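Got a structure here, written out as structure tokens. Questions coming.
When the chains are written out, they are named A, B, C and D in that same order, and each has its own residue count from 1.
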Amino acid sequence: MISAFLARGLQAVLVALIVSVFSFIMMKALPGDAAYRIAAGRYGYDMMDAASAEVVRKELGLDQPLLLQLADWISALAKFDLGKSLVYGTPVMDEIAVQLGYSLLLAAGAVLASLLIALPVGIAAGLRPGGLVDKASFSLSVFLRAIPFFALGILLILVFAIQLDLLPVAGFHSLEHLVLPSLTLGLGLATVSNRVVRDAVADAMTAEWRLFSRTKGLSARLTMLRHVLRNAALPVVAYVGVQLAYLIEGVVIVEAVFAWPGIGHALVHAIFSRDIPMVQGTALTLGLLYVVLNLCIDLACRGIDPRTRLSAREKQGT
Amino acid sequence: MKAPGRVVISVQALCIHAGKDILLGPIEFHVREGGTLVIIGETGAGKSLAVQAILGTLHGSLLAEGQITVNGQRHDLLAPSTRANFWGKELATLPQEPWRALDPLMQSHRQVCETHRFVSCHSQHAAVVATNNAFGSLGLNGAEQHLPGTLSGGMAQRVAFAAATAGGAPILLADEPTKGLDTKRHATVVSLLSQVPDSGGALVVITHDISVARSLGGDVLILKDGCMIEQGPTHAVLDYPKTTYTKDLANAQPACWKPAKPCQSGDWVLKADSIRIKRGGRVLVDNFSLRLHAGERIAISGPSGGGKTTLLDTLAGLLRPANGEIQRAEHLSSTDIQKLYQDPPAAFPARVNLSCSLRDVARIHGVDSAQVACLLSRLGINSALLDRRPDEVSGGELQRISIARALTVRPRILLADEPTSRLDPITQRDTMKLLADIASDENIAILLVTHDIAMAKAWANRCIALSSPEEPLPPGGWGNRLDKAY
Amino acid sequence: MHSQPGRSIRDGRRITGLILLGMLALAALAGPDLVNHDPARQSLLEAMQGPSSEHLLGTDHLGRDMAARLLSGARLSLFLACLSTITAALPGILLGITASWLGGWMDRILCAFADAVLALPGLLLVLMLAAISPGSWWALYMGISLTLWVEYFRYTRQRVRIVLADPAVEASQLLGLGPGTIVLRHLLPEIGPGLLTIAAFGAATAVTAVAALGFVSVGIRPPTAEWGSMMTELLPYWRESPFLIIQPVACLFITVLALHLSVGGGVQP
Amino acid sequence: MIRTLFAVLGIVMTLGLGYTMAHEKTDLTLAAPWEVASYDPAVSGFAFQRLQLMENLVDAGVDATLRPGLATRWSVSEDGLTWNFVLRSGVTFHDGTLFDASAAARSLNRAWKQPGILKKAPINNIFERDGSVVITLDRPFTSLPALLAHSTTIISSPTAFDSNDNPVALIGTGPFKVESFTPPQSLTLVRNENYWGVPSKLANITYLASGRAETRALLAESGDADMVFTLDPSGFSRLQDVDSINTVALPIPRVVTLKVNASHPFLSDARARQALSLAIDRDGIAAAITRFPEAASSQLFPPALNVWHEKNLEPLEHDIQAAKTLLADLGWTVGDDGILQKEGERFSILLRTFPDRPELPLIAAALQDQWRDIGVELEISVANYSEIPAGHQDGTLHVALYARNYGLTPDPIGTVLSDFGAGGGDWGAMGWENMAVVNALDMIATTSDTAVQRKNIQKVVRALHSELPVIPIVWYQHTVAVADGLQNVVIDPLERSYGLSAISWDN
């Protein structure tokens, strides 16, 4: 248990360092004049010109040596100060505090939706590999995988908000607003995870212990509930960890389609307008978020699989 | 039919088809209350198919015909789905490898308890009590919270027995219950199984081990190539076999082998001086010394889990001993020590056909294909087999191919880790004889690891017995590594 | 040995997949010449027309021939999907094998590195690479494959660890077979099918990633036709002429399906 | 299974249903593409102005005439150097702070120091005197009041800033005050009951920034948003068929123009620029891309800028043959690849544009195709718009495509002056200077005689039309979708106000 925390803690520090240094260097390596980009982000194109770029350059001290800027940022980071947004002038921490909450909500909704879709479909397909559900879910998965997130989002809006009039199109003021974006992301995630569930279930269904559970007299339902699901859950939960990385990508698109104020959106804007503290802050948050969520998944795996808890013994050979 | 009483399970005209081929049958048998039936046959004779047909768990591409009557209820074998109803309540099964049949994520107590709870429909409390009793009577105290992965083979066997019989079924089907267990455990399993007929149930056991059949008594049914060739009371059939096959089978027991002569000591090829082997912080072998001479056959016997395999790996140079020294004769190159494995399919690359595997080895060592072909024919292997993948040939054939592969390298030492434990008696005898012949012909030293003391004694020039780690620790640690020559 | 019918069905699917792939490759090679239209030629007054004998698949929002654009997009999309898959798979597989083979510190360092890369928002990487060289396709695909390699690494490492623990590998080593032979005979046949499945999905990911990047206004320079960027480009007209945006999506769907079928159907990464 | 899914979705939905329908509808949701990310009026002032959260000293009507805002009247000294703005009394900010001259001067001083519209005027000082705001100039500048109507000169309360002059709250004097602010996506407003003017009929306003035109069109179609601004052409034509929605398209003084680097050797001759202009099929672009055929620009300034638009100017033509002839006259010959050549150089130029306005890359692609017909190869770089001023400054720009707003202030002179005055401008002429135009512009900016102004405007317009330092392509149309049932909706072509305080639902 402690070692899991330790390993993830170490990863967090590593991620923090890599992300901040890397994003700083990358941002600095980008061609073009940062002062212009920042001025553009600040004042919009009707008001942005060379003069405003000069004002920005002076104000932000962009002429300072690079190493000094980086050292400043890292020493500030050590004090948990992410600095101020170059574009908006507000503390990065404040910006992230607002957006992270919404992003987390969206991510949680997406994972929930993907599980709600992937679990029943995957289990149904895994119970009869090669059957109708299996084939249909496979084709549908491939199809959905070929549709970009934004087109999927718009399609869902058309169906649920316009045709059926069940849900609002976009916005974020009530939980209702969460449904469609979550569903969009969730569907995208479910395209792969339903196959993972299917394979896990199919594996579990052919396992010898599953047959033994049946022949010792437990009904198919009880065997499913008491043995198959738990064993099949392991690879599925482990896969959610990998998926989280993709979730972060999808969030950016979905936030744009559904006018959702999230951190992915903020990251893209920050990159475009060379808002280095904001890029570092958001990337750092996303990175640490990934680490924390993976820690949760580690813990979930431990919860499901007592083997890792109980013994330090070497893995038993097959 | 020594036990009187009504017939509880009867099978008539059981036939199993794969497309047009008949894989098994027709076979027919009846077992009465308190009766025992042992089905014996070579590997691949379709013994397990019979169990699956009775249970109704045959693979979908196979077709079973015939009739089975359980407790007076008749089932047409064509319709297997209805038979799920009598699983656990009428008919229990002891699976082949119990450590694979137990849910790896659930404590052993709960796996037994759930049968009491849901199959026998006891209350939670009653189920726990019944489980505790079962654990007590099977000597499993202390293993309640263990996961199957941490149980020893014998304990897993007993947990599976408890779980399988908790539903109160009068009939028990056991498929190869002694597979992979050492001789000492055989007795435990046999006594476990004989509880069933003793308490008025019916027992059907499938095995290739004649000694198990002899100890269980009852009736025996001999299968060859899927056909029933002999049936009758065990002792009558085995002591006075009517067919040559049965005779062969009865004589294939290591006890009936010609004992090996002691070997004239040549130069030593491998030397171990008071080595100690640790694994995961536990001392497995201590103060072990050995001198292996060219052309010598030594057997190391001992109970399962006693570190035999680890010892062999250490001698092969794959592991480092914690203490002590292992020396090879100076003229030995790195490939002069070869190993034979317990599970031959696991020793070959699984997705490459056999000829390819052999060709790779021959190419590296500059052996031309004619020599390999010669070797194969000497080992009695049809070269057509080589186009197949490892899982498509039988265990005996594959073990011979693996011997051929090892010999391609022209080794001086062959380390054999239970090479025949998964083979039936006749194949076992043939394979071991082949090994012995090769050892003397090529002057190769062979170190055999086995749990079968009879075989060790019969085959080797010298035997070394390792003691069981489950025995209480003697004051001087694991000291009794006797280098005892017979 | 009991699965004769199953195997023949699988073979049938595989052949279908291969035929489809062959046709796609042919279409990509022959390109827009097949329809005798320039994919960049606009005809603003003939925008968004339905299929006709002149324009087999209609025209897009700038009056360009859709069939010509799809074919010219096939060339770029398929080529770049292959390229990004290869550039992601090669380092991923090599590092995965290295990590599991050497074990110990090497393994730990590589894993920590992979974890850190996964934690680093891949989008950051792609957007920055795209910003370094605006409008160029190679930067996009480099960025995409840089984020995709981790998947290959994780899968390879996990599987190779299992395979290496096999007695079969030990036997081969004892028999004096070198690392090359072991990789060739033991590792690749074991991990191959899984990797191909990942690659099939990865190819789709690469194309939709270009679409997604187009959506955040980082894309390929006009008038280049590429399926992903076509999806973004045609999205605004989804309501007026839905059949336009469906076309690149359908092309990608067929490609991914063909890849899956020819790989052999497993989906588990 | 699907049923379970819907059941779960249903539960999620009911959890979120917090709405109670008011008896009389007084709330309104509007969606626009512009994100509001900052509390700073210099950055996000446009939104605060449009939403009537904050007000200017000077207001403007939809016809661009100036009228009193927070200042009731203003006057200028004889020498034209001192402006005096008399303020409205009895006005309070949303937080109860009194609005007075010192508050106004503080806001204006801050706006002046920031990059913004006030930089365009020769201001010397801004201060408070006798309850009025005084602005002194270095030179006369007649359109100063127009600048004070601009969104960066809105007045916010001194209490909205911290001790370092950083904005920390949104406190203005307008008919609405902020209830919640979720940057950059949304603002919710409530009626300011203590408004000095006529209070609003609407009680609650929700502003949703939605960057995607597709989403905005769907918001309008579903009725989730009652007013939706800036629709894409496809969405606009779709919404025209929806019964519950009224669509409005209004020409506004924003022009899609092509900035040409006149110091580039290929483009320095006016004939080269004319040839490029002649090769542009403006009608095609207007019909197929922006979907308003009447918006093909016949001259730079659109009809919405009534004084600057000259009706009897000869419209810009589409004539490929003439374009080819012009280029041939300049010594260009057609090469083997169909691209013009001169002295071993190919006529290949790079166009910079940006994706924030989705039609720009499309128009760029159209130009690429159309110029190929006259043998000009065009590369397109779609990147950040700051590349354009940056390219202007370092001289690397060839041509750039953007939409220029000449209606930033009710009087476009400030913008025109900075675009075509001495030295050109980041968003205007590059490498092109015409002393007659410079002098004329100076005249327009300083004189208060409208006849003189008119004469000089004509001079400027004609010079721009013939020399084409920027090539106009299409005029912009401001598109809005308004829900049926909204009354008194006035769409401001200057995009200064959404006119919310006058709107009501017809019940």
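Rule of thumb we're sticking to: a contact is a pair of C-beta atoms (placed from the backbone, for glycine too) under 8 Å apart; a residue touches a chain by one contact, two chains touch by 3 or more.
Values in this document were obtained by computation on a predicted structure and should not be read as measured data.
Student: Averaging the CA atoms per chain, pick out the one whose centre lands closest to the mean of every protein CA shown.
Tutor: A
Student: Please flag the chain sitting at the greatest distance from subunit B, going by CA centroids.
Tutor: D
Student: Using Cα averages as centroids, what's the distance between subunit A and subunit C in whole Å?
Tutor: 21
Student: Express in whole angstrom the distance between the two chain centres, defined as the mean CA positions of subunit B and subunit D.
Tutor: 85
Student: Where the centres are mean C-alpha positions, what is the separation of subunit A from subunit D, in Å?
Tutor: Chain centroid spacing, subunit A to subunit D, equals 37 Å.
Student: Report the inter-chain centroid distance for subunit B and subunit C in whole angstrom, where each centroid is the mean of the CA atoms.
Tutor: The answer is 47 Å.
Student: Could you pull out the residues of subunit C that touch at least 2 other chains?
Tutor: Within subunit C, residues 6, 235, 238 contact more than one other chain.
Student: Which subunit B residues touch at least two other chains?
Tutor: none
Student: For subunit A, give me the residues that contact two or more of the other chains.
Tutor: 150, 154, 256
Student: All pairs of touching chains, please: list them by chain label.
Tutor: Once each pair is checked, the touching ones are A-B, A-C, A-D, B-C, C-D.
Student: Residues of subunit C touching subunit D in their complex?
Tutor: 40-42, 44-45, 47, 61-63, 134-135, 217, 219, 221-223, 235-240
Student: Along subunit A, where are the residues that touch subunit D in the complex?
Tutor: Listed in rising order, the residues are 32-33, 36-37, 39-40, 42-53, 55-56, 87-90, 95, 98, 116-117, 120-121, 124, 150, 154, 157-158, 161-162, 165-179, 183, 256-261, 265-266, 269, 272-273.
Student: For the complex, which residues does subunit B have touching subunit A?
Tutor: These residues of subunit B touch subunit A: 55, 57, 84, 87-89, 91-93, 95-97, 99-107, 114-115, 118-119, 147, 149-150, 160, 163-164, 166-167, 169, 279-280.
Student: Give the list of subunit A residues in touch with subunit C in this complex.
Tutor: My answer: residues 10-11, 14-15, 18-19, 22-23, 26-27, 29-31, 130, 138-139, 141-143, 145-151, 154, 192, 195-196, 198-199, 239, 242, 245, 248-249, 252-253, 256, 264, 267-268, 271, 279, 282-283, 286-288, 290-291, 294, 317.
Student: Residues of subunit D touching subunit A in their complex?
Tutor: On the subunit D side, the touching residues are 1, 4-5, 8-9, 12-13, 15-19, 31, 37-40, 42-43, 46, 114-117, 119, 152, 166-167, 182-186, 188, 206, 208-212, 214-215, 218-219, 221-222, 224, 354, 356, 384-387, 389-390, 392-393, 402, 405, 408, 418, 425-427.
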